[in-house]
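One structure below.
Order of writing sets the chain letters: A, B and C. Residues in each chain are counted from 1.
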Amino acid sequence: METKLKTPQPTASGCEGCPMHNAGNLRKLGVNMENSDFVIALAGNPNTGKSTVFNALTGLRQHTGNWPGKTVARAEGGFSYGDKQYKIVDLPGTYSLLSTSLDEEVARDFILFGQPDVTVIVVDATRLERNLNLVLQVLEITDRAVVCLNLIDEARRHKLQVDERRLARDLGVPVVPTAARQGEGLQDLLQAIHEVATGQTVGKPYRAKSESPAIKRALARLVPQIEAAFPGLPNARWVALRLLDGDERLMQAVRQGELGDLTRPELVMLPEAAANNRLIPLEVAS
Amino acid sequence: MTTVNPTVNPNDILQTAESLRWEIGPEFHEQLMEGIYTEAAKLADRAVTRPEEKPRFDLDRTIDKIVTSRVWGFPMMILLFTVVFWLTISGANVPSSLLATLLIDKTVPLLHQGADFLRLPWWLSGLLIDGMYLGTAWVISVMLPPMAIFFPLFTLLEDFGYLPRVAFNLDNMFRKSGAHGKQALSMMMGFGCNAAGVVATRIIDSPRERLIAIITNNFALCNGRWPTQILIASIFIGGLVPAYLGGLISALSVVGIALLGVFFSFVVSWGLSRTMLKGEVSTFSLELPPYRPPRIWQTIYTSVIDRTLIVLWRAIVFALPAGAAIWLSANITIGGVSIAEHLISFLNPFALLIGLNGVILVAYIVAIPANEIVIPTVLMLTVLVTGTDAGAGAGVMFELDSQADTMALFSAGGWTLLTAVNLMLFSLLHNPCSTTIYTIYKETGSKKWTAVAALLPLAMGFVVTFFVAQIWRLFAG
Amino acid sequence: METNPAILLLIGTAVLAVTAVFLWPEKGILSRWQQGRQMTDRARREDALKHIYKCEQKGRRASVESIAGALHISTNDVAELLGDMQTSHLLHIHSDNITLTSEGMESALHIIRAHRLWERYLAEKTGFSESDWHSQAELQEHQLTPEAADALAAQLGHPTHDPHGDPIPNAAGSYVYHGGQPLNELAADQPARIVHLEDEPEAVYAQLVAEGLYPGQTVRLIESNSTRIRFWANGNEHVLAPIVARNISVRPLPAVVEEETAVSEKDHGTRLSDLPLGETAEVIRISPNCRGAERRRFMDLGILPGTAITAEMRSPSGQPTAYRIRDAIIALRPNQANYIYVKQV
């Protein structure tokens, strides 16, 4: 398997290519990490071909139907790419991470507390509008994401042109067009996953900007407080929004200091980011 | 690597959030959602170029116009499902009897020879071969062929995207009884296997309607119950009319029972949505996904693996102990009389009250794990009770090759036309098999709803058969 | 069978009838007995506390008569009840003046919290209609322990307001009052936002709901006199009797928001269910009476202000109708499409 290696840019992080995941939390979430280097979470709306992507990557056969909402239980599988072993966890298909359904909670908790090395978000290229909101919500939590623009063959059949480069630029994470049913684009997807997992690509995710003045004011007061309490938390703004929304799970995480486990010390050191009050890694994918 | 700054108390954060919540107002959640969706739409619009010429999903809409048309919608639907059921029934006959010959007629004697060779005690070989093996063999030979045909066909229609259109066409009927249009589909799966039908209710994304679909799925006459219906109908009801009409009349009466089941599922849905399930959340929306060309081989492969084998495996797991129980109950005696006979005479007074007999009720109790073994068990128990010399020995399930022999055996057991009619009704209206009950529990996660789904049909069965029996006796003397 | 089938039939019918009378949901003896059991002394006490607290908030004075009226019991019973409550240090009685002790205040706030949380729960998590919310909460408020109320609040995302716009006291009993004034007292032409709809008496509340009013809506008073109150609310003119309009509390809006209000008044909007097949319309808003799971489902489907929706086809059985929403085909029943207000483009 050919892996084109870019020269990694030096970052403030001491350990380039080290796994990111939170091994302790993953164990709590029921993931056995023996023999794998990286954990990949597979998120996406229902009926976007998420299970097909999962099967294509792992070679397992989960039944995939033409229905919204097929995957109910969580499936796990593994694959290897390059010299690394990957564990891939298929999260329940959800439309959002904001509501209170069990599926959304499972998906949200896994991405937040498990800190997968890469979160692959499968989106339906023919219904981008409906799918991107989940992408935006995932990107609020993690910058280590790859968007899998699936069903690109359907989009072509319907004569839709999706400009994946523009989308990648807007979202700030890699976007890979695939047609998982035909196996198209899977090599590129694997490569993108590999690059994000090993830190060769670092995202600079899009963050929503259109809050109402009242919400902006509230955030301006709450975010600095959270950042002061949990320096290096990569998603303080999102945590603030969840607290304002009265999310009990997050309140519990604040109370018990679980959020402290999710901080990334290397991010604290970036002077520029500190000045902006936003914690962003310096390097951005080309 | 916990890094919590000790100077900031986490509770301060929560307090700030709490006080800010009063400032941002009660519509915060909605505003937040609207904000995210609006940005998502904006980004999508920037990335996607749409073709200028108007009819974009041309082919899909053309197909939709036909399959949901006022004129062609319903006839096409009926035609398609008739074809599916016809393929299932006619296609399953041959492999079913082949399997029965192979697993029962051929293998059982071989196993007995093997047991004799190993000098196993009679009770051990009886328990293992005549009890557990035979029970499981019955289930497999009756269940496997129709499921291996029905589920892949159904899955092909599902993959193509046709089934949501069926739900769309039928939704209004279901809405009137408080149910979801997709219940039509879980019901159809139920005709194959209720456990699979209950799993299929996952496609219903509205909580209340899904519970209704789960509880009423048992009214879809499943695969395991069709043989009972067909045998009883052709012996008793087909026998009422001249021979050339017999087949037709008995077929019609079986279809009548199936339709009665559909009727009951509407009535029960209606009742549930207005009483026990009033107040459960209902969020109806039905997506009609784009049509996709079905991938035939992969579909067959995955549906055989996924649905057929899993359902079959569960059935085997439950059939093994049932076979053992049947054999033991016929062979363990207390005071010279077997447990089965004790049970039969104990249940007889109540059974006669509802127009059945003790043998049938005992058969339904031991057949809770799998409805397929009702008829073999009934025959075996009737032989046990009447002391006729048909059959293969105590505790050995069997079926007779000729209808005349079966009829003779039933007559010896005191069966009447009323017994037959009520057996058909009771076969429709009784508790689901244990596989289905277990599936319902797994799907709902609720003991309460599992109990309702298990006991409601049973209670209805007792009530219906009681009234039929008494009215029958009132008029027939 | 020896027994006469006619007799058996009679017995069977009788058994069925008796079972039905006993177990029938809501109207059966069993459920009535359960409901009756809830009207214990404790429930009466709690209702009295709530009544006295609400009177204090409104600056009125609770009296034996007003309590008797609110609880539907005789004045003698009230006198006895108040005596008991005074012995348990829940209230002070000085001649006519009934005031709550701090203990009584705490209990009253808990009851109000439980009531409003339960209403919010019914609105968000169940399929009960809005007319059922209040009466169900009246029963449930006596069942919720403070711990259960806290758990419920956590599950609901610690809401600050009930679906009528009333503040829900937090676990410590504090809340921020909406600070609204009755609609009648608003200056003409002054844009304002509805902050609260009084849910008692039920008949008046039902009328307000029927008018399509809800907390958060912007209104503008046109005319106010002793016989009628005329005002704009989301593009429609409403006329109410002053006594009914009193049950609407509003808060004047600052000038900035005024422009938005001016725009929204123009968007009369029709219901999506009235959109003819083949036509396209733009969503103006989702009715706020559509809450919780159902509202979220709509948003998940991408039904948002500005979204274009085309009515594509109708089921051969008459309904539902399939709409093209953001390139997906979604079928909705008319009673759901009613919640979505659109304007044709």
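In this section, a contact is a pair of C-beta atoms (placed from the backbone, for glycine too) under 8 Å apart; a residue touches a chain by one contact, two chains touch by 3 or more.
Here the structure is a predicted model, which is why all the values come from computation and not from measurement.
Core chain by CA centroid proximity to the global CA centroid: B.
Between B-C and A-B, more C-beta contact pairs join the chains of A-B. With centres set at the average Cα position, the gap from chain A to chain B is 40 Å. Under the contact definition stated at the top, the residues of chain A that touch 2 or more other chains are 96, 126, 129-130, 245-246, 251. Within chain C, residues 157-159, 293, 296, 299, 301-302, 326, 328 each touch two or more of the remaining chains. Looking at chain B, residues 21, 25, 29, 33, 37-38, 41, 287, 289 sit in touch with two or more other chains. The touching residues of chain A, when paired with chain C in their complex, are 95-96, 99-100, 126-127, 129-130, 245-248, 251.
Residues 18, 21-22, 25-27, 29-30, 33-34, 37-38, 41, 61, 64-65, 68-70, 73-74, 168-173, 175, 181, 207-208, 275-276, 278-289, 352-353, 463, 466-467, 469-474 of chain B are the ones that touch chain C when the two sit in their complex. By the touch criterion stated above, chain A contacts chain B in their complex at residues 47, 61-70, 72, 96, 98, 126, 128-133, 135-137, 154, 158-164, 166-167, 170-171, 181, 206, 208-212, 214-215, 217-218, 221-222, 225-226, 228-232, 240-241, 243-246, 251, 254-255, 257, 259-261, 263, 265.
Chain C meets chain A in the complex at residues 154-159, 293, 296, 299-302, 326-328. On chain B, the positions that touch chain A within their shared complex are 1-5, 7-14, 16-17, 20-21, 23-25, 28-29, 31-33, 35-41, 43-51, 56-57, 155, 158-161, 164, 202-203, 205, 287, 289-290, 292, 295, 301-303, 305-307.
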